[in-house]
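In the two assemblies presented below, chain A is common to both, partnered first by chain B and then by chain C.
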Partner chain A sequence: MTLATAKRPAGAAATPTAAAPQRRWRRHRPRTFYSFAAPWLIGFALLTLFPLAYAFWLSFTNYDGLAPKWGYVGVQNYERALADPKTWSSLARTLVFVFLLVPATVGFGLFLAVLVNQRLPGRGAFRAIFFLPVVVPVVAAGFVFRMLFDRDTGATAAVLGWFGLGPVEWLADDKALIVMLLMILWRVGSSMVISLAALQGVPQELLDAAAVDGAGSWRTFFRVTVPIMSPVLFFQVVNGAIDTLQIYLPALLLSAAGQARLDTVPGEGLYIYMVHVYTQAFAKGDLGYASALLWLLTAITLIYTALVFRFSRRFVYYEAGPSDEEGRR
Partner chain B sequence: MYDRKLSRRRLLGGAAALAGAAASSSLLAACSVGSGSGSGGGARGGSGTLTIMMPPSEITDEVIADFEAANPDIKINLIQFDRTRLTAMLAAGEPPDIARENATYSAFFAVRGLAENLDPYIQNSSVIKESDLAGIQDLWRFDGTRQGQGPRYGLTMDYSQDAMIWANESLFEQANVPVPSDTTPLAFEELPDLARRLTKITNDEKTEVFGYGGEVNLTMPQLAHMVAAQGGRLYNEDFTAVDFSSPEALKAIQFWLDLARANVSYGPTRPNPAGWDGAAYQAGRLAMVSYGYWFGAGLAQVPEIQQRSKFLPAPTFAGKRVSPSYAGAGVWIPAKAKNKEGAWRFIEYFIGGEAAKKRAEAGRGLPPLKSLESRLPQDTPYQKQWYDTQQRELPYFDVVVVGTPYVSSASLISILTTEFKSAVPNNTSAGKVADSLNRQINELIAQEKDKV
Partner chain C sequence: MTGTVRMLLRRGGLYMLLVALAALFLLPLLWLLLIALKGPGELLRFPPKVLPDRARWENFGEALTYVDFLGYARNSVILAVTYGLLVTFSSALVGFALARLPAPGKRVVFGILISTLMIPPIITLIPTYLIYSRLGLLNTYWPWVLSGLAGSSFLAFLFRQFFAGLPKELEDAAIVDGCGYFRVFWQIFLPVSKPVLATSFVLSFVWTWGDWVMPALLLNDDRSTLAVAVGSLYASDHTGPQYHLIAAAAVMYSMPVLVLFIALQRLFIRGIATTGLR
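The block that comes next holds the complex of A and B.
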């Protein structure tokens, strides 16, 4: 290798022979992109778009999967859904659950992330311990929580007994919602891991600069760390709300002792929106009506996501957002 | 450049939106029934693959191995019983060759033309004879309108008279309550008070022993039984309407409401953490449990409870003594099954062959054929007591229709349970419960009947 070829001046034009393959590559680039993306796109079309469209069609029918005579019923399922008091009561219960659970999960996950980010002996073990519940199957968790909160023999009954308090029927009425909240919060480890990754991505020089400027640890955390982490926290809020809107398995497991049977009927406390959908789809076999309910939920989810994104500009800090880039152009 | 367009904001936003869309679509997709795996084989004479959809607990590896050894031209493909998957397979026209169902709700499949008429198979069988079939097998009959008449669309593998009662004699002694007679049935009216006397509550208000267990709930089999025991009926002649407002039905509903409110059992306001009351009985926390003969085999895990368990006849109302089955688990052949002959060969083995004999000898319920009844275990004193009580109870078996062909069992369970869970804590009267049930179920029947 000669010195001339090894030290080509920066910005020098490529020779015609070197540029030709690059041009050829550019010509093929879209084709290459679609070739690599095709498996995912085909899967998306077959396993997502088609079922979505099929479920949309079903929402205008009285299909139940078994009856020989079924057909188009227009918007009857949607009218029925909007007139069904259980739709509204279960949706209200679900929204309350979202507003309680999402901030609690993100906040508690952040708190744990800050704790296990400290330079302390054994922090690896603590990270593992906090994350461990996430790998416990949700069926097992449901069974354990039923046992823990049993009125007569549960551990909570024993703890209440130490304070002279009588037994509480945790698994009936609205109190069951508290048990479900705790059961899901118990699995806060995944939120902790995401927040921990974001926490470790905060540039040290910014923290040093804040310290030089005399900022205390609280001020640094809230004025430097949290704003830099805000896109990750925002991601968790958006995803957490979408996930929570669709929760149903913990409710069924808490109602049926680890066996989410088709005919499981949770009490009113656990009758959240997706349980309503599940009951209609699988217990009653009314797939058309259940599809309509799901499309209503999809609409609510999309509206929520759009609103959150619209307002996120006020509290989410992006180091180099699109507007900044456009300004630089 | 690609990397300029893919800012962090876009990445996070896109990921969140995609997650939302994907999650929603997966749920929506759950509602759209796809095709399941079909059965294989299908050669003449039944050879090839035989797809059976049943819980592995009911068709064990030993059963499969024995059958395949005796029928080397058939290979069994066992798939876990899953009603959603069964629906998907039936909808796709690719059903299993054999599926499971309770006799009580078998007309649901028959009225939709989904089940094979088994009468021709029975007529040509040298193993299963019409005259040898136990009374429960009449629940598989359906004539297009009425259950209990017409051709059979399935066969029960074993069953019980499910309103019978198991009494833990030790807990009766501890409560100084005499154990009821095993020759004279209790009256339903006596049960709440008896349960109250057996229930033991500690000083800190915890329940140490419940007096009664089973299924403290409104269920169609229990209600239909209690109505039939008073000489009434729940459905009209063609099963297109239900009436819970009759005096007989109101009395039955009131019984369950009173029992649930008496705090003598698990129930809607006292959920059982284990999910079923059998576990509490086995743990010595339940003095009486209303289960059929099958429960005795399950007591083998706890010998001290097993030996002190007395089997009692089903309670009755003043009137006709009836002791029906609430389930009668069995098998049926879907009309579009690929290997019907192979399926029948398996049913012969399972209902009338070695498998049935072994189940009878293990005491896992009453056998499907009368000729197998003598094989029920009688080796120990307690097994003898159970057997004798069962023999005295058998003459009172009757076919009590619990469902309408037009509505699925899961729908009825869902409506009844939801109503009960709301009625018990809110002190709703039996009349209001009956009105609500009439409205909901009759609306559902009207809606579903048009689709059949």
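The block that comes next holds the complex of A and C.
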């Protein structure tokens, strides 16, 4: 319908009055909306919803991708997941990582945003430099952090050597988590950019008013600027936590630089939840069990998101756009 | 007078901090370049030396031929351009609908879109792989075409925010003239959206260029992308990973997106600031 209308040249409206096409339009709008949204809606149904449902079904089976005979096994996979000590240890490691990484990223991002928001010549160059790592492909980033923290030949070994300190086995045990933290923190530029946009949105009158009232710059920052930015910071924390729960590739790349495979199993220090899932799926071929593990994480994410939405109705999301009513006209 | 001195001190301190941080941020890239210029023997030496004995530029030539670098680069370009164009178009369509076309259920659609921002594709990876495998689409580029056509919630949100900010007068005249909405979209909205279209294309290009998991999962090594080549293929059973060649390949692989970023900084930064994307 929309396409048919579109073929008609503008101004050549066959309708007798000017009001008629407007009415026609209004009548066809719901259909127009859905035809515009169709590619995304169909894509969502087929490439997100259906795979999620399919994984849900698989999580109740013993499918391994090879054996011709497989079928329903009830909640066996879920029981196994809950009884598997590796599920709990990897989940705990992931949560520790979330609690370390998310505040570090948001805090450091805000710090950098404040720095590059100062009126200084050359601040554009600093913004670009701090953002640059975000663009570096993750494969290259993983490789270089692996090399920086190599026990014997890394840059850190060189620096430790200058101080007469011996080599440190960075990537073997829990210290690997620090390396992964630094690798991801290196990409703090996106957080900086988001905070910078929010920082520039703080009304100057408020800052002036605070100055007139005799508030120092620190006090103004923590009592005026940060509260005004809080929706954006909050949004970053919420999203950052969800993103961090799903981290997988950095662990893989750090443990097998240059020969990463989907069936590579990283060592204990990098054995985070997603690694646990994909180890079951690709190294052990246990797709049913892996699907159950995935669904546990999805459930955690969904519950967390629902809680966050419930407790944050007055925050962000629609702030930048018009209200729905306005859009409806 | 003291005020000026204080200001200068403050400014000097700020500069020192910024320069130190900038050096820290650039250090990994510098280290990558240094590895790329060393010989294989130098990389095993302990204690490590920072600078190479001599700059071995020939490593870059060797990295081009150790695997079919240019062939993988071509595959990466094909996938990134295809996906970038399709996803930009689809996302602009749905963004336009959300910004301009009222309909019952629109709130729900928008709600779903916002919540899919929270479901990263990694969670649907295993079933997606099985579905493409059942459809016989493994080792083809169809998955990129299909997910491109399906659009991206991030980019749809980006377009929605941009379109919603445009004045209503823009389409009113055309509507009175009896112009169809697709035409309004195509001939009025898209031409004024060139910066956002460019942002969307560049961001999706960079994602596809950098993605390792999907090509590793869906493509065989010989049809795969540069990401897989750099991440996995510079190694042999005899010698293990060829670190100096990986570094040289990684430099060449990162260069196009870094240049793209330096040339088009504003597009990247606006896209990320609007969507809150990492």
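Operating definition for what follows: the second predicted complex is superposed on the first by the 274 of 329 C-alpha atoms of A that agree within 3 Å, B and C clash if a C-alpha of one lies under 4 Å from a C-alpha of the other, contacts with A are read in each partner's own complex, and residues count from 1 in each chain.
One rule holds for everything that comes next: contacts are C-beta pairs under 8 Å (C-beta built on N, C-alpha and C of every residue); 3 or more make two chains touch, one makes a residue touch a chain.
Because the structure is predicted, anything quoted here is derived from the model rather than measured.
Trainee: If you stack the two complexes on chain A, which partner ends up touching A:305: first (chain B), second (chain C), both, or neither?
Mentor: Both partners.
Trainee: Could you say whether A:279 touches chain B, chain C, both of them, or neither, answering first, second, both or neither?
Mentor: A:279 sits against chain B, while chain C stays out of touch.
Trainee: Per the contact definition in the header, classify A:43: touching chain B only (first), chain C only (second), both, or neither.
Mentor: second
Trainee: For A:64, decide between first (touching chain B), second (touching chain C), both and neither.
Mentor: In the superposed model, A:64 contacts chain B only, not chain C.
Trainee: Does the superposition put A:132 against chain B (first), chain C (second), both, or neither?
Mentor: second
Trainee: Would you sort A:152 into first (chain B), second (chain C), both or neither based on which partner it touches?
Mentor: Both partners.
Trainee: Which partner chains sit in contact with A:243 here, chain B, chain C, both or neither? Use first/second/both/neither.
Mentor: both
Trainee: Between chain B (first) and chain C (second), which does A:294 come into contact with in this model arrangement: first, second, both, or neither?
Mentor: Both chain B and chain C are touched by A:294.
Trainee: Going by the contact rule set out at the top, does A:82 touch chain B (first), chain C (second), both, or neither?
Mentor: In the superposed model, A:82 contacts neither chain B nor chain C.
Trainee: Quick one: chain B or chain C, who's touching more of chain A?
Mentor: C
Trainee: Hey, what residues of chain A end up touching chain B and chain C alike?
Mentor: 47-48, 51-52, 54-55, 58, 65, 147, 152-154, 157, 161, 167, 232, 235, 239, 242-243, 246, 257-259, 262, 274, 281, 287, 290-291, 294, 297-298, 301, 305, 320-322
Trainee: Would you mind writing out the residues of chain A in touch with chain B in their complex?
Mentor: Residue positions touching the partner: 47-49, 51-52, 54-56, 58, 62, 64-70, 146-147, 149-154, 157, 161, 166-167, 169, 171-173, 231-232, 234-235, 238-239, 242-243, 246, 255-259, 262-263, 265, 267-268, 274, 277, 279, 281-285, 287, 290-291, 294-295, 297-298, 301-302, 305, 309, 316, 318-322, 325.
Trainee: For the complex, give me every residue of chain A touching chain C.
Mentor: Touch list, chain A to chain C: 2-8, 10-15, 18, 21-22, 25, 29-30, 32-34, 36-37, 39-44, 46-48, 50-52, 54-55, 58, 65, 112, 115-116, 118, 120, 126-145, 147-148, 152-155, 157-158, 161, 167, 186-187, 190-191, 193-194, 196-197, 232, 235-236, 239-240, 242-243, 246, 248-249, 253, 257-262, 274, 281, 287, 290-291, 294, 297-298, 301, 305, 317, 320-322, 324, 327-329.
Trainee: Under the touch definition given earlier, write down the residues of chain B that touch chain A in their complex.
Mentor: 4, 7-10, 12-13, 15-17, 19-34, 83-84, 87-88, 90-91, 109, 112-114, 204-208, 268-276, 408-411, 413-414, 417-418, 421-422, 425, 444, 447-448, 450-452
Trainee: Please output the residues of chain C touching chain A within their complex, sorted ascending.
Mentor: Contacts found on chain C: 11, 14-15, 17-18, 21-22, 25-29, 31-32, 35, 43-50, 90-91, 93-94, 96-104, 106-107, 109-110, 112-120, 122-124, 126-128, 130-131, 146-147, 149-151, 153, 156, 160-161, 164-165, 168, 174-183, 185-186, 206, 209-210, 212-213, 216-217, 227, 230-232, 234-235, 240-243, 246-247, 250-251, 253-254, 257-258, 260-262, 265, 268-269, 272-274, 276-278.
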